[in-house]
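Below, chain A partners chain B and then partners chain C, in two separate complexes.
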Partner chain A sequence: MSAHRHSSPLAITGKYLALALYVGFALFPLYWLAKIAVTPDKLIYTEGTALIPSSFTLENFRSVLLATDFLFYFRNSLVVSITTAAITTCIAAAAGYAFSRFDFRGKRLVVAIMLITQMFPLLMIIAPIYKIVAAVGLLNSLTSLIIVYTAFNIPFATFLMQSFFDGIPKDLEEAGMMDGCTRFQALRKIVLPLTLPGLGATLGFIFTAAWSELLFALMLINSNDTMTFPVGLLTFVSKFSVDWGQMMAAGVLALVPSCLFFIFIQRYLVQGLTSGAVKG
Partner chain B sequence: MTARKITAPGIPRARPSFYLRYMVEPYVYLSPALVLIALVMLVPLVIGISYAFQSVNLLRPIETGWTGFDNFRTLWSDRKFWLALTNTFWWTAGSITFQFFLGLGLALLLNTSFHGKRLVQALVFLPWAVPTFLSALTWAWLFNPTIGPLPHWLAALGILPEPFNILGDPNLAMWGPITANVWFGIPFFAITLLAALQSIPGELYEAAEIDGASAWQMFTKITLPFLAPMIAITVMLRTIWIANFADLIFVMTGGGPANSTQILSTYIFTTAFRKLDFGYASAIAVALLGLLLVYAAVLLVLRRKLVKI
Partner chain C sequence: MARIELQNIAKNYGPVEVMRDINLEIEDGEFIVLVGPSGCGKSTLLRMIAGLEPITEGEFRVDGRRMNEVQPRDRDMAMVFQSYALYPHMDVARNMGFSLEIRKAPSQERADKVRDAAKTLGLTSLTARLPKALSGGQRQRVAMGRAIVRDPSAFLFDEPLSNLDAALRVEMRLEIARLHQRLETTMIYVTHDQVEALTLADRIVVLNAGKIQQVGTPLDLYERPANRFVAQFIGSPTMNILEVEPTDKGVLLKDGTVIGISPGAERPVACDLGVRPEHLNIVPQGSAHFSGKAELVEHLGSDTNIHAHVPSIGQVLVRQHGHFPLKTGDPVHIALELDKVHLFAPDGQRLDTVLGSG
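On to the complex of A and B.
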C-alpha cells in the first residue's frame, strides 16, 4: 500500500486505466444483455451490433412475462432455491457448530469426507441419482431437486458456518452455561443472535447456487410444469432461437435475484468470508 | 437435545456421562448433514463406480448386466475420448492461466487506495454472482455476428478475416467458453488473493521502503512469498473445479462443432443425458476421477519436496 505513496502521475494514470478496463470487461456482457432486451424487435437486425439502440421498449419484458411460461419457471426456481437455502442453512449451522465447538473422535474423517465431496466430478453421480429418483417416483418433482441441491451444498455451507462460529468467542456461551443455561439454550440465546449475519450470508450463497444449477435440473426435470428457470430458458433458446429480444429479457429477469443477493453479500466478500472460509 | 439423556447405566453419573455427552453430542448436530451426504452423494458415488463395470443403457434395457472392463476397453479405442482428454487439458490450462494472472492483477490494483474503491470493487466482482447458464448464454450471444459486437470488433482488428461466429469454427471454438470462463472466474481469484494480500503486515513494506527497495523488489521479495501458499492451494482447487466444470461448454457449444470443444465432463453429461448410456458415462467419469487423483497426488508430492517445513 505505502509502496504507491510516491507514484508518478504516469503510474497513477496507468492504474486508473487498468481499473477502467477491468470494470468495462466485467460490465460489458451484462450491458449488452440489457441492451438487446430493450431494443425493439424490428431494430435488432438493422442495429443489433450498435452500442446504443436508437429507441427503447419494454415490450420484450411484457411478452416474456405474459405470453410465455417464464413466470411459472421463475416461481419454480424460487420455491426450489428458497427451500434449499433454508434447509441447507439449518443443517449446515448445526454441523458447523459441531466442528467449531467440539473436538471429537472421527472429526478428521468427517472433515475429509466433506472435502472429498467437493472434489470429485459431481457429474459422476448424475446417472445413479437419476436412477434412484426414478425408482422412488420423484422424477419431474421439485422435491427431488431440493433434496439433491441440499446435499450438494451442505459441505461448503458447513465450512462457511464453521468459520462464522469460530469468530464468536467461546467464553460467551461458557459464561452462559456457568449461569445455568444448557448448551442448547446458550446456543439459542447467545450464539445464534451473533451469527445472524453469517446465517444470512450462507442463505444467500446457497440460494444463488441452487438458482444457477442447470445440469441436474435438466436430467431430472422434463415436464414443462416443474421446469426451473435455467431449464426453461435453455428450452426456450433451443425452440425459439430467433426471438433475441425475449430471450435476453428472460436473461435479465434471471439476473435479478442474483444481483439482489450480490448487493447484500458484497460487503462481506473480502473481509469476513475469505479469511475464514477459504482456509477451510 | 436427545443426546443429553444418554448415560451409561450403573456408572456414577458425573464424569463418564459428561465424557459420553461430549463424544456423542457433536454427532447429534452432525447427523442430518452426514445422513444427507451419505444418501445423496456417497451411495450414488459407489453405485456410479459400479456402473462403469456394467452395461446400463436406458434405451437398451435388456442388455443390462456386469460386463467387466468392457466399457474401459471401448473407452481406450474411443477417438472421442482422447480428443476430449486433450481438450480438457487446453480448456483447463487456458482458463486457469488467464483467470489467475488477470485475477492477481485485479487483486494488486484493489489493494491500493483510489477514488471510488467500494464501487469499483462491487462492479468488478459482479460477474461472480451471475448464474453460470446465463454467463454462457450471454457470451454465446456476444459471439453471434447477428446480435453480438465481438465478431465485428475482431474483424476490425484484423484478428478474424471477416465477422463470423468463432463458436462455429472447430479451430477457434474453444476460445469462446474459455473467454466466458475467464470473465466468470477473475473475481474468484481476485477475492481470494486480495484477502491474502490484506493479511501481509504493512510494516514489512515500510521497512523495505526505508531500505530503498524498488516496487518490483518488494513485489518479488515480500508479496509473492507471502501469497505463495494461497496461490498454490487456490490454483490446485480451481484446476480440479474447472476440469469438472461442464455448464459453460454445454450451453455455449454443446461440445461441438465436430467435438472440438468436447471436454471429459461434457462428454460424460451428453453420454448420460442424450444417449442415456449410463454405463459408458460412468466409465468416462471414473477415468476423469482417476486423472484428477493422479494430478492431486503429483501436486502433493511436489509440494512436500519443494516446501520444507
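On to the complex of A and C.
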C-alpha cells in the first residue's frame, strides 16, 4: 500500500491536460468522419478544413441507406463477423483450456506452429489462399470469409483465452472436484462463469477484426450479393470521383454495431471477478 | 468414518522420484498431522490421498478397499485448501452447499445443513455475502464450513492456517481441535508449523525429502526422536547438537569434558550429542559440564533464553524457566540433564545408549 500523496494543483492540471491531448488526438479522426458525414456535398471542398461546417444535412445518410446496397453489405458483414467471432471463441476457449490445464505430447510443437502462423505477412499467403478457395468452389461466398477469418484468428484468440484460464487458480477446479464435480462439471459450473470476461474480450476482439477486414474480402468476393461492408465502402470510389459525404456516412453507420457490441460485452470485461477466491 | 492405509506409496514426476516407501496406517477417527520442511512431499502425499495427484506406485486403501483409481469426487473426502479456493461467483451459503447441490440433495436439506454449519462457525450473518467481501479469517471459516456440510468420511487440510495472522491462527487451531472432538472423523492435516502439529495431532508423521522420518505421538517425537532430523525439526527453540567423540568411558566433548555412560551400557559410536535448550541448566561452577559466556539473553517472561558461547564447543542455547537474572557478557556454567540427552550415529540415526554419571 502506497501512502496517499498530495499532488500540487499544477501537476494535476498537467496530468489532465496530457490526457485531454491524448483523447483529442485519438478521437479526432472519428470527429472528422462524423463531420464530413453531415456536411452538405457542396461545402465539402469549399470549406474543407473548417472545424464546424456552416450547415448540416442528413442527406448523405438517407442516400446511403436508401439509394445504395449498403444495408446489404451491412447484413453480410454482420453474418460474417458474428459467425466468425462465435466459432473462433468456442474453438479458442477449448484449446486455451487444454493449453492451460493439461500437459500432453506435442503441446510445445502445437504452440510453436501457432506462433509461426502469426509471423507471415498476409500478402504472402493471399495467392495460395485464393487458389485453395477457388479450388473448393467457395469464391464469392460468405462461408469462405468465415473459414479464412476463423483460421487466421484462432492462434491469437487461443493465446488470449489461455491467459484468462491461467488466471483462474487450479485450486478452484480441484475444490470443485473434491466437492463432487466431474472435470466437465467443474469447468461448466466454476471455471466458465469466471471466464466470462475472457470470453467477452475474445468475442469483441475477433468481431472487430472480422468486421473491418478488407484484404481477403476484396480478393475472395467479387459479386455485389456477397460483398461485405469494407469492400462495399470502396464502391463509393468511382473512376473519376470519390463521394466523400456518402462514404463517411457509411463509415459512421459501420461504427454502430462495433459500439453496440462493446457496450454489450463491456460488463463482462470488468476485471477482478475472481478476487476473493484465493488469497496470496 | 474411514480407516486409511498407505502401502509402499511412491510418486514420480517423469524420471524424478519425489517420494518412496510411504507406509502408514491411519485409524478411524484419528487426527494425523503430516509435517516437514517445504518440498518434503507432504502436500503431494495429501493430494494423492485426495485423488488430485495420481499415485505412481503402491496401494492406497480406505476401509480395506483399493482407492488408487477412484476419482476425487467418489472418495468421500473433503479438503480445505491453503488458498481456501472459495468459488468467487457464489455467495457463502452456495459455496458451503455446493457439494450437496452437485449431488442434487433436496434444497430443504441443503439449507438446513448450511445453516447448521454456518451457526457452528459463526457465519450466520454472512451467508449472503460473496467471498470477496470477507476477511481472511472469515474465508477460512467458509472453507471449513464447506467441508463440514459434506459430512465426509475424512477431512483433508492443506496448510489451512498459513495465510492467517498469528492471533487468528491460534483461534482457528482451537476451532479445528474442537471440530475434531465433536465430529470424531478421521482428519489428515498438512503443515510446516510444528506447533500446529504438536497441539493438534494424535499422531505426527514427520517427512523429509519424500520419506517418512518418524511416526509417533507428539510426546514420542519430542522425547525419543528417531534421528537427528526429527530431533531438530520438533521442539522450539531447536535442539542443540554438540559434536562428541566416543571413548571407553563415555563420550568426549570438544572442550575435553567427558560424559560417562551408565554402568553396563555399550560403548557408544556416537558422533553427535543432542540436548534441548530446556534440558540444559545454569548451575554453580563446580557442578557444570562446561562454561562459557552469555552472548545474548532474551527475557520472554515465562522463559529466559540464553545464547551462550562456549569455547571449542560453539554456540549453545539454554532455556531457563521464568525470569533468570543474567546479563549479556556474564559467565555461564552449564550442566546437561543426562537422562534427557540424545546420541546420534554418524548417519543421523538415534542411538539408545544411556548417559549417566558413571
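Quick notes
Operating definition for what follows: the second predicted complex is superposed on the first by the 231 of 280 C-alpha atoms of A that agree within 3 Å, B and C clash if a C-alpha of one lies under 4 Å from a C-alpha of the other, contacts with A are read in each partner's own complex, and residues count from 1 in each chain.
Note that in this section a contact is a pair of C-beta atoms (placed from the backbone, for glycine too) under 8 Å apart; a residue touches a chain by one contact, two chains touch by 3 or more.
Nothing here was measured: the structure is a model prediction, and the numbers come from that model.
After overlaying the two complexes on the shared chain, residue contacts for A:172 are found with chain C alone; chain B is out of touch.
After overlaying the two complexes on the shared chain, residue contacts for A:193 are found with chain C alone; chain B is out of touch.
Of the two partner chains, neither chain B nor chain C is touched by A:256.
Of the two partner chains placed around the shared chain by superposition, chain C is the only one that A:185 touches, whereas chain B remains out of contact.
With both complexes superposed, B is the one of chain B and chain C in contact with more chain A residues. When the two structures are aligned on the shared chain, A:154 is found in touch with chain B, with no touch to chain C. By the document's definition of touching, neither partner reaches A:71: not chain B, not chain C. Of the two partner chains, neither chain B nor chain C is touched by A:17. Of the two partner chains placed by superposition, only chain B is touched by A:127; chain C is not.
When the two complexes are superposed on chain A, the residues of chain A that touch both chain B and chain C are 182, 273-275, 278. Put simply, chain A touches chain C in their complex at residues 169, 171-172, 174-182, 185, 189-190, 193-194, 272-280. For chain A in complex with chain B, the residues that touch the partner chain are 1-4, 15-16, 18-19, 22-23, 25-27, 29-30, 32-33, 36, 44-45, 48-49, 51, 91-92, 94-95, 97-98, 101-102, 104-105, 107, 110, 113-114, 117, 119-132, 147-148, 150-152, 154-155, 158, 182-184, 208, 211-212, 214-215, 218-219, 230, 233-234, 237, 244, 247-248, 251, 254-255, 258-259, 261-263, 265-266, 269-271, 273-275, 278. Contact residues on chain C toward chain A in their complex (touch as defined above): 50-52, 71-73, 77-79, 81-89, 98-99, 102-103, 130-134, 136, 139, 146, 150, 163.
Residues of chain B touching chain A in their complex: 1, 4, 22-23, 25-27, 29-30, 32-34, 36-37, 39-45, 47-49, 51, 56, 102, 105-106, 109, 111-114, 120-135, 137-139, 141-142, 145-149, 152, 183, 186-187, 191-192, 194-195, 198-199, 202, 205-206, 209, 215, 218, 230, 234, 240, 243-244, 246-247, 250-251, 265, 268-269, 272-273, 278, 281-282, 285-286, 288-289, 292, 296.
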